[in-house]
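You will see subunit A twice below: alongside subunit B first, and alongside subunit C after that.
Up next is the complex of A and B:
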């Protein structure tokens, strides 16, 4: 049986439960890449053009770190997961991009494009077929995986709800999961905030069924599915937290649009925008973070 | 008499003040950092010591701010190491209790602080771009062959400031060269530069912020009367510049030191110790963290920058 490599970046953070449960159900072995290191980022930078976002550079670095430990790497092509919407164009291009950057790496792929009638389920059936499983076997494994994913999401939502009532200073950390969870990006902020005994609510803890109604309060039509969750989480949590930190990787197209929407509609809520680039120093981020915390909960007086 | 020391170590200049318990400035010092914050602080301490030599004072707390706050704070055993936003807000509030907006343009960064009822409610700093900061002005002064100190008075003599593209420093610079070659008068170009700094600031840093009075303009660039006038013209309201505007960060950190004082007496003789710093690239893991080690008289007193376990942001 082939061993599948899962690079711990970008879509991994959206789909890792689904992927891993699916492969477990079919008894397909897989390996995950390690935590992001600066070395990975350097490798990734060498491989891509300057204009790509930091998260993409990290992703390409992960591929380099894992390519010799597996037989093929899972890279889906995701175009749309809602009918009239789209996800970041990087996710459309990921498969082709990696194929060109790493011509020798073997890729296993599935396609999700709801707009053009390619459902996620069909994608996974196709994925199973490439691994030698029947339609029935794959369908079954997908069902199990989907159930696990739902349970996981409910767990996250429950966590979010609980934290909303915490007595500590609360901060909504808003950003794509692949930025929040990355060791070079969000983890640095998270450990700093935790050290200051701050309750952190993550944007991905917003109840999924609230996303469409909440997002209406900011804009009736948001084209970018993944950013809808970010906007909705702001509306859902904003009055229950002391402040919100927008965490973004430079240069992210959809984020530049939705961050601006939040900043313009924040009203009295306190919002800090932190942009991550592949710079070496933490000092600039630290200054902004520190002064933001000073401002919360009544601020510092004379 | 009890006193407190505040030091603001910026990229361009280092400021130090000694205050009494009523937040009054007893002595101050303002020197260039010249790329050597440790030496600059020693010089500042020297000056301050001379100024308060006749007074019977005991310094019971040290506060630092500015981009080298951590380094100098460690060196001096500071009881308060605070970011510039908080320090500037506190310092300004002590002199202007009803201030609502602080415009600050320094050598390397610029920021806006909004206050309401004596509390910081919002702030912004220039992001990845250093457009329109003091270093831009001084490099253009060099290009025009004029001392940056004369910029303000010359700008005021201009009746028709040249329009210089303000969005981005790079474009502003090429536009400036173009205007010089076109034959515009120097004073008009200089006035245009002052306007471009002010409008750049309002378009980038203060974007979307409601600027209401009382407005204070601080930082090194506030000494440039041409930029002050440009702000007043663009905002159509009065903008105040305090004579001690450059000391507000140091004043604020002295006040914060007073609040956090551990009642340990600070001795000026510390400046005679030999401090060394070194940047080491840690090879322990693929992260290659840049670790800063600080030594006092040959002995290591602290290090930071390591991302392992605790992470450098924690230190």
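Up next is the complex of A and C:
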């Protein structure tokens, strides 16, 4: 049986439950790449032009680190998850990009393009076919995986709801899951905030069924499914938290506009925008974070 | 209040679009002031800083038009960030304190006939479907003829003997077209100018340099955004082939896409977003048709092109095609562009001479 490699970056954080349960159900072995390191980032930077966004560079670095440990790497291509909506164009090009940048790596992929009638289920059936499973087997595995994902999402939502009513200082950490959970980007912030005894609410803890109604209040025309969640989470949590931190990787296309939308419609809420680049030191970010926390507490009392 | 319409600049297409809006609404259409350094300064002052350059140009255009008294603004939309431009620009302009109505023509990712009709019906209650279709058809032919004439001119403009002969010709063509009332006179004018353009005296050597112009749509079509790259190329006596024009984006692309997908199967299995796949295909096309080099332009931070660039680089390397990448932002350092262009020109001429000599050696 082929061993499948799952690079721990970009779409991994959106789909890891789904992928892992799917492969577990089919009894396909898989390996995950390790935590992001500086070395990985350097390797990723060699492979692409310097204008590429930080998350993408990290993703390419992960592939370099994992390519010798597995037989093939899973890279899905996503155009639209929901009808009339799109995702960032980086995800459209992801599969072809990696195929051209790493010509020797074998890639296993599936396509999700609801606008052109390629649903996620069909994608997973196609994935199963490539691994040598019948339609029925992969369909069942997909159903089990989807159920598990739903349970996981409910767990997250429950967590979010609980944290909303906590009595500590609360901060909404708003950003793509692949930025929040990454060791070079979000983890540093999270560990700093946890040290200061602050309750952190993550933007992906917003109830999925509230997304469409919440987003109408801030930006009804936004067409990126992933950024829609961010905007909705801001509206959903904003009255329950003391402050919001926006986390973005440097030249992020969708974020550059949606963050502007949040900053313009934030009203009296306190918002801090932190942009991560590939050559920043911790010190500058921690200084800004510190002053933001001081501001939340109502000024510095020496 | 009297309605005054305005829309952002896009090369020479302001004329057909202005004509279309006038025909459909019978309202006053404002000539948006030409793009200057002030426009881009206004735009980048008010726009978020990591957004791509077309956003800033358009925002600058809108602010200048609003200052002149426009109160109905038009914006289109496309496959990438462009689709979300309208809403953010509207928010920014409202925050600046202007009073206006903002209309997005392409709200989804492609043009919808019914949606468009309702938009203009709201502006002009007397509009009938018949006049609507008639005006659209007129604009369709206008744009097609303009693009066709442009293509002829681009082949010959680098070798003109009398300076600015083609520019004058094109301006006259636009002037006459904007005055004409129906498609038949439009067609007549087109053929008249086609004949005229072939009569303009040129001095074209047989083995002149030929360069393809690919890249993102706004920097390809708006000459201010690419620092008049085409004019500079013409001064070097280079024949230019440009793919992106409005008729391509609006209807030709949809017809052409399955064919292109088949041709670039080796490199791309799926579309890359916006014009990414098209640009990969164009590299192959230019190689096949004996072009000497390629110039790729994009605004800084254009996500679809960034995704496609490593693939384009690989294709160009495999096909041994010299390629020059330009990434434009709001800074206007023109000398850097000139130097790079000059070096590229030297490289192309040297390569051409070498090839020519090796022909005789063998």
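The criterion applied here is as follows: the second predicted complex is superposed on the first by the 298 of 302 C-alpha atoms of A that agree within 3 Å, B and C clash if a C-alpha of one lies under 4 Å from a C-alpha of the other, contacts with A are read in each partner's own complex, and residues count from 1 in each chain.
FYI, contacts are C-beta pairs under 8 Å (C-beta built on N, C-alpha and C of every residue); 3 or more make two chains touch, one makes a residue touch a chain.
Since this is a predicted model, take the numbers as computed values, not measurements.
Asker: Consider subunit A as the common anchor and indicate whether subunit B and subunit C clash or fit when overlaid.
Answerer: With subunit A aligned, subunit B clears subunit C, so fit.
Asker: Where does A:169 make contact in the superposed view: on subunit B (first), on subunit C (second), on both, or on neither?
Answerer: A:169: touches no partner chain.
Asker: Could you look at A:92 and tell me whether it touches subunit B, subunit C, both or neither (first, second, both, neither)?
Answerer: It touches subunit C, and subunit B stays clear.
Asker: Should A:223 be classified as contacting the first partner (subunit B), the second (subunit C), both, or neither?
Answerer: Second partner only, subunit C.
Asker: Using the touch definition from the top, say if A:140 reaches subunit B (first), subunit C (second), both or neither.
Answerer: Neither partner.
Asker: With both complexes superposed on chain A, which partner does A:153 reach: first (subunit B), second (subunit C), both or neither?
Answerer: neither
Asker: How many degrees, to the nearest 10, separate the directions from subunit A's C-alpha centre towards those of subunit B and subunit C?
Answerer: After fitting both complexes on chain A, the angle is 80 degrees.
Asker: Could you look at A:287 and tell me whether it touches subunit B, subunit C, both or neither (first, second, both, neither)?
Answerer: first
Asker: So, A:261: does it touch subunit B (first), subunit C (second), both, or neither?
Answerer: Only subunit C is touched by A:261; subunit B is not.
Asker: Looking at the overlay, does A:250 come into contact with subunit B only (first), subunit C only (second), both, or neither?
Answerer: It touches subunit B and subunit C both.
Asker: Look at the superposition and give the distance in whole angstrom between the closest pair of CA atoms, one from subunit B and one from subunit C.
Answerer: Across the overlay, subunit B reaches subunit C at a minimum of 5 Å between C-alpha atoms.
Asker: Which residues would you name on subunit A as touching subunit B in one complex and subunit C in the other?
Answerer: 250, 264, 275.
Asker: Which residues of subunit B touch subunit A in their complex?
Answerer: 67, 82-86, 89-90, 93-94, 97, 118-123, 125, 127-128, 208, 255, 285-290, 305, 307, 310-314
Asker: Inside the complex, what are the residues of subunit A that reach subunit C?
Answerer: Residue list for subunit A touching subunit C: 47-49, 51-53, 77, 79, 84, 86, 88-90, 92-97, 99-101, 111, 219-224, 250-254, 256-261, 264-265, 275.
Asker: In the complex, go through subunit C and note every residue touching subunit A.
Answerer: For subunit C paired with subunit A, touching residues are 47-48, 50-52, 79-81, 83-88, 91-92, 95, 104, 107-109, 267-274, 276, 300-301, 303-304, 306-311, 314, 327.
Asker: Using the touch definition from the top, list the residues of subunit A that touch subunit B in their complex.
Answerer: Listed in rising order, the residues are 37-40, 187-189, 191-192, 195, 250, 263-264, 270, 275, 277, 280, 282-283, 285-291, 294-295, 298-302.
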